Amino acid sequence: MNICFEQLSKQYKTGRGVVDALRAFDLTIGDGQLFIILGPSGCGKSTLLNLAAGLEEPSAGTIRFGERVVASAEEHIFLEPGERNVAMVFQSYALYPHMKVFDNIAFPLRNARRKAHEIRLSVQRTAAMLGIDDLLARKPAELSGGQRQRVAIARAMVRQPSVLLLDEPLSNLDAQLRMATRAELKRLQMEMAVTTLYVTHDQTEAMTLGDQVALLKKGRLVQAGTPYALYHHPATPFAATFIGSPPMNLIPARLATSATEYYAWVNDRKIALSAELKAKAASLPTGRILLGIRPEHLRFTDQGQLEGVITYTESLGREIVYRVACAGHEVLVLADHPARETGRSVALAFDSAAVHLFPATEPADDPPDKPPLHGRPPRHG
Amino acid sequence: MTRDHRPASDFRQARQPARRPPLTRDQVRGFWFLSPLFGFIGLFILIPVLGTIADSLFRDIVYLPVRFVFLENFRALWADPSFWSAVRFSALFVLVSVPLEVLLGLGIALVLNEPFALRGWVRACILIPWAIPAAVAGRIFQLVYNFSYGAANYLLDLLSISREPLNWLGSDLSAFIAVVVADAWQTTPFAAIILLAGLAAIPEDLYGQAKVDQAGMVARFRHITLPLLKPVLIVTLLFRTIQALRIFDIIFVLTGGGPGGATESLSMLAYRHFAAGDFGYGSAASVVLFLMAVVAAIAYVRVGRFQET
Amino acid sequence: MNERQVKKLLVYLGAAATLLFCLGPFVYMLLTGLATEPDFLRPAKAFIPTWDHYHSVLFSETVHFVRYLINSIAISGISAVVSVFIAALGAYALTRLNIPGGRPILLIVLGISMFPPVSLISYLYKLMSALGWMNTYPALILPYIAWTLPLSLWIMVSYLEQVPQELDKAGLVDGCSRLKILVRIILPVAAPGLFATLLLAFIYAFNEFLIALMLTTDQAARTIPVGIALFEGLHGQVAWGEIMAAATVTTIPVVLLTLLFQRRIIQGLTRGAVKA
Amino acid sequence: MVYGCNAGQEKKAVVFAVGGAPGEVMVWEEVARAFTDESGIPMRILRQPTDTAQRRQGLLVALGSAQRDPDVFLMDIAWLGLFAAGGWLAPLGDVALEPFFIETVRQADIVDGQLIALPFSLDVGIVYYRTDLLTEPVPRTWQALAAAAARAQTRIQPHTPGFYGFVWQGAQYEGLVVNFLDFAGSQGGFLVAGDRILVDSPHNVAALAMMVDFIHTQAISPPNTYTEMKEEEVRRHYQGGDALFARNWPYAYPLHAAEGSPVRGKTGVMPLPAPENGSPAATLGGWHVGVSAFSDARAEAIQFALYLTSRPVQKLLALKLGLPPGRRELYTDEDILEKYPHYELLAEILRSARSRPILPNYTLISEIMQRRLSGALARDYSPAQALAMAQQEIDRMMARTRRDPPGSRPR
């Protein structure tokens, strides 16, 4: 079942006024996809998940599960979570502490008034699938973190939901367990082929796990696409810096044109742009732009496009991150051994094909042409 | 009905967009959940209070026709010496008993905040006076103050304070003291428990740091305990003030308001008139008490809000 | 003597004084109930123990003491259960359902609990007379529910605030209605708080005096505090032995409850009062 | 209640509200059964508490809301004014009044020319004294009583510390007003003068001054007189051998004379002292029987009320419960005199006894009096001040609670 968000907005009234948690959000998630919602905290990703689950009502816009409208502010349609056949795994797992594992998993089935023997079978099958069939008589407090996580997943899976919602499900696990669970989650999701929304702030998780990734910032969709597309063709400087570690360098530059060529001036140095970028460059206003280069695409040479002094090094083990001061900008470089000591003057070279171009200013968060839905009326005089 | 005729409400909605977001389904549900609460409090507290306020404007005496007299009852109250003596008693009682109880409570709380053997038992025991109905406490103290064989006079004798038995409930001053002591016995535990919670909330680290800084026991109390306990102290004072204002049970049983009305509180005065069938006059007296309580309650709520920020 | 010893001494002295202060009158009550004559403290008199007063209080039908006790337990029990359930509903709404003006509602309810009961009784008296409910259980149960609600609500709110909101979300996703979530998930999780609130509401209703004094006329609905306050012998003598025996029988259950569950009660009381 | 069933076949049941101690109620049930046997009218007893104020409260609730039950009830004489003014009492019709104390009936039971109650049991204050300790003749005046009390006290107190010459009811309750009126009445004072409530009179001030004097100056009455002394405290004090004189009600007589009582056989009874050249004027107490104006069985109820005041029933109750009867003729009955020889004296006092004013707001008057009398006994202010204050407060209260002129809208 695919999921469709159309012009979805959510506002909260707080003590200090109205807060826009989600603004005119459009997104379609294909049937059976594992779709990652990625963004920093406060970007609206949890709101989106709650809206999808039916835990909150949209202020505007429509949500469709397949052909069915499950929520629409305009048409006054709202289905309760129980009517949507969604399942959810919470960051804290939200296991019912007073129920045994068996009852936890059986709870949604009981609410759906399934027959007792059917419930027992389903619970046992799901528990076996997740390897927790020996824990059914225990209470959540007697389980380890990883076991609890499995119980939460089992509770979500047991009734074969049409949509699975995962809210940072791995962030309470330690690093090793997280890797293992990540793989298993992916396998389970593929096996069950259930449309899945997965919320995380961790870009590594997003890149490794998702079929598709949607990047959010301040309630807006910044970019959606495959992890590959997001990495290689970031749409905005935010996308460029949020994805990838260490983050992409953004160097202020000036765009100039001659009759046949495009150039970027970084300080006093003229950098020729590759042919592939010309189309992109043509869409930008001439003048101030940002030149994006990923740290791994910079290399030390004798003579390169950039020159600077190493101010700091940080070893990642296999590789080293250098901070290089280049005429007032700090540039990150990812390079192999051998290490170069700080204070050395270096030249940096890069392939012009690896360069990204961005306008010097980020797209405004709040375009002036669209007033907030329920804000104060403009004051006169 | 024609099809294109839109109901008027649609036009109104179209012209004037709603100012605030409509209530969500959960909010509507929330008001349903709150409705029994509002219903009970409204029917059995708010409406009675309003009814009493209304009744204070009537001559409502059980054997006479009811007549609107506006402020006549209040005028009569103003001229009634027993009203002023009740006001004076209530004020004095609050001024004496509340600080006393909070001080005693603070003392008990300080003791119980220290670790010592059997602390749990002592803490449980201080709840006993609190758990006993005030009317029963009044009975116990009635016996304590009994002239001929009460424990109070026995103690006077035992401690060689006075050979002659004292007629405790017989003079204004000693009856007042008797009421204050009985009330203190009943209500100090409450103050102690609240203050104990306040003390427990003060981080132990602060005392450790103060010790490192060479602050003595007294200095630690003055510069750490008191300032940090201040909000809880204020809350306790106000809470007790409101309860002390409406004292009834203990006085009703212990002194009956005597001698000569010296220990009659406003609640007693009002009740006496209700019992005699004079509802208008009694209502006027309870309205005065109610206003005093409202002032105290507003103070309390304001402090509460102040603390929150 | 160094500071630590001084402190230790002070603490033990304070504890002894506290015990003496709190238990003295209580023990006096126990002793008088067991004494043949109440004047056992007088010189030349002696304490002669007897069960007579207890016997007369418990088995003499005409003093109605047992009836008063049953009334009290039934009235306070029903009031407490209903009050706590209504408070739980309200607290759930206030902590979970984003009620606009939730905080002011809480403060107003708290303010209402500060109203002096004497400003209610004349109206209640007339209301119950008009309904013909004077001197019946409902005449006390209904006001007691309202009377204990502010306290119950405050304590329940403070307990429910501690239950993670994600449990509600899980319940919703698992197909529960809000009411079912409250009853099946939140209340079981907050069971200790529920119990503490129930205890406190019971004790508050059990100890209420003025409303019961005004709205009851005889053993049909009279509660034990009023019964003990107005307890009189045949011709109006103060039967100290019987009164104290009755007082003991009355307070023992409350005191036992208090001693057994002191931790919960202290917690509940503190939350009801200091949370603001 | 079930209406309309068996109508015409059976007579309507009469509900009789009565309170009292366990033994008493048993006797009442006996009386009710006897009445049913005699008349065929079914009876039900509505058991009230022992406490007087609570009994009044219970009746107020029922009558104030015009309930059909109870049909018959007993009223303290102090309530009669209120019950009559409320229009709650049904007229009893023509009853032969000769066998009663006419003066009593006229003062208390006839309101606006109608008989609305009948005296069921009468009560009046008397003085008990120790025949073994009183060395002089029985005192006729307060001065003589005080002197005798003081002498006995100086003699006895040194070896019996709790001994006092004279004990009476001084606690702040209705009994204090009655005691005050007993003191004042025999000095020529009272509560009413014509249509006005008059408490601030020289006689009353003198009487109150004497009460204060007894406690504080002469100290012949114990210090806790005005804090604890009610009927039973006085009775126990006297019966314990700790007083020479005790003012109390007749009920104490059999208790004093009971087996095991320390004062058994050593107790005499005398009327309250009188002024030098006046006669004693005791204050009337007691219970009256009335029928509810809202009764659904009024005729049957009146029949029962008359039955209760009939000679055989009155005699039975006097003998069984020790209630001084409402009928005058029984005070000369041999069986009764044999058991209660003091009834001869009682009859004499009752003939001239005076009722407290029968007014609807008597309770409010009494409460003001109680406070001010108690304040004077506690020496918060002088007797003159106390009564001046009481007078002022009563005047204001009377103005406030005056009945409307005729023609105003009823409730």
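Think of it as A, B, C and D in the order they're written, each chain with its own count starting at 1.
What we mean here is this: contacts are C-beta pairs under 8 Å (C-beta built on N, C-alpha and C of every residue); 3 or more make two chains touch, one makes a residue touch a chain.
Not measured: the values here are computed from a predicted model.
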{"item": "Common touching chains of chain D and chain A", "value": "B, C"}
{"item": "Touching both chain B and chain C (chains)", "value": "A, D"}
{"item": "Chain whose mean Cα position lies farthest from chain A", "value": "D"}
{"item": "By number of C-beta contact pairs, the top two chains", "value": "B-C"}
{"item": "CA centroid of chain C to CA centroid of chain D, Å", "value": "39"}
{"item": "Centre-of-Cα separation between chain C and chain A, whole angstrom", "value": "55"}
{"item": "Where chain B touches two or more other chains, by residue", "value": "24, 146, 148, 275"}
{"item": "Set of chain C residues in contact with two or more other chains", "value": "100, 238"}
{"item": "Set of chain D residues in contact with two or more other chains", "value": "57, 64"}
{"item": "Contacting chain pairs - touch in the sense defined above", "value": "A-B, A-C, B-C, B-D, C-D"}
{"item": "For the chain C and chain B complex, residues of the former touching the latter", "value": "3, 6-8, 10-12, 14-15, 18-19, 21-26, 28-29, 32, 38-42, 45, 86-87, 89-90, 92-94, 96-100, 105, 107, 109-112, 114-127, 142-143, 145-147, 149-150, 153, 178, 203, 206-207, 209-210, 213-214, 224-226, 228-229, 231, 238, 240, 243-244, 247, 250-251, 254-255, 257-259, 262, 265-266, 269-270, 273-274, 276"}
{"item": "Chain B residues within the chain D interface of the complex", "value": "59, 61-67, 72, 76, 79-82, 146-148, 165, 167-172, 256-262, 264, 272-273, 275-278, 281"}
{"item": "Complex contact set, residues of chain D against chain B", "value": "53, 57, 60, 64, 82, 85-86, 162, 171-173, 222-224, 226-228, 360-361, 363-364, 367-368, 371-378, 380, 386, 389, 393, 396-397, 400-401, 403-404, 408-411"}
{"item": "Chain D to chain C touching residues, read off their complex", "value": "21-22, 25, 47-52, 54, 57-58, 61, 64-65, 67, 230-233, 235-236, 251"}
{"item": "Interface residues, chain B side, partner chain A - complex", "value": "18-21, 24-25"}
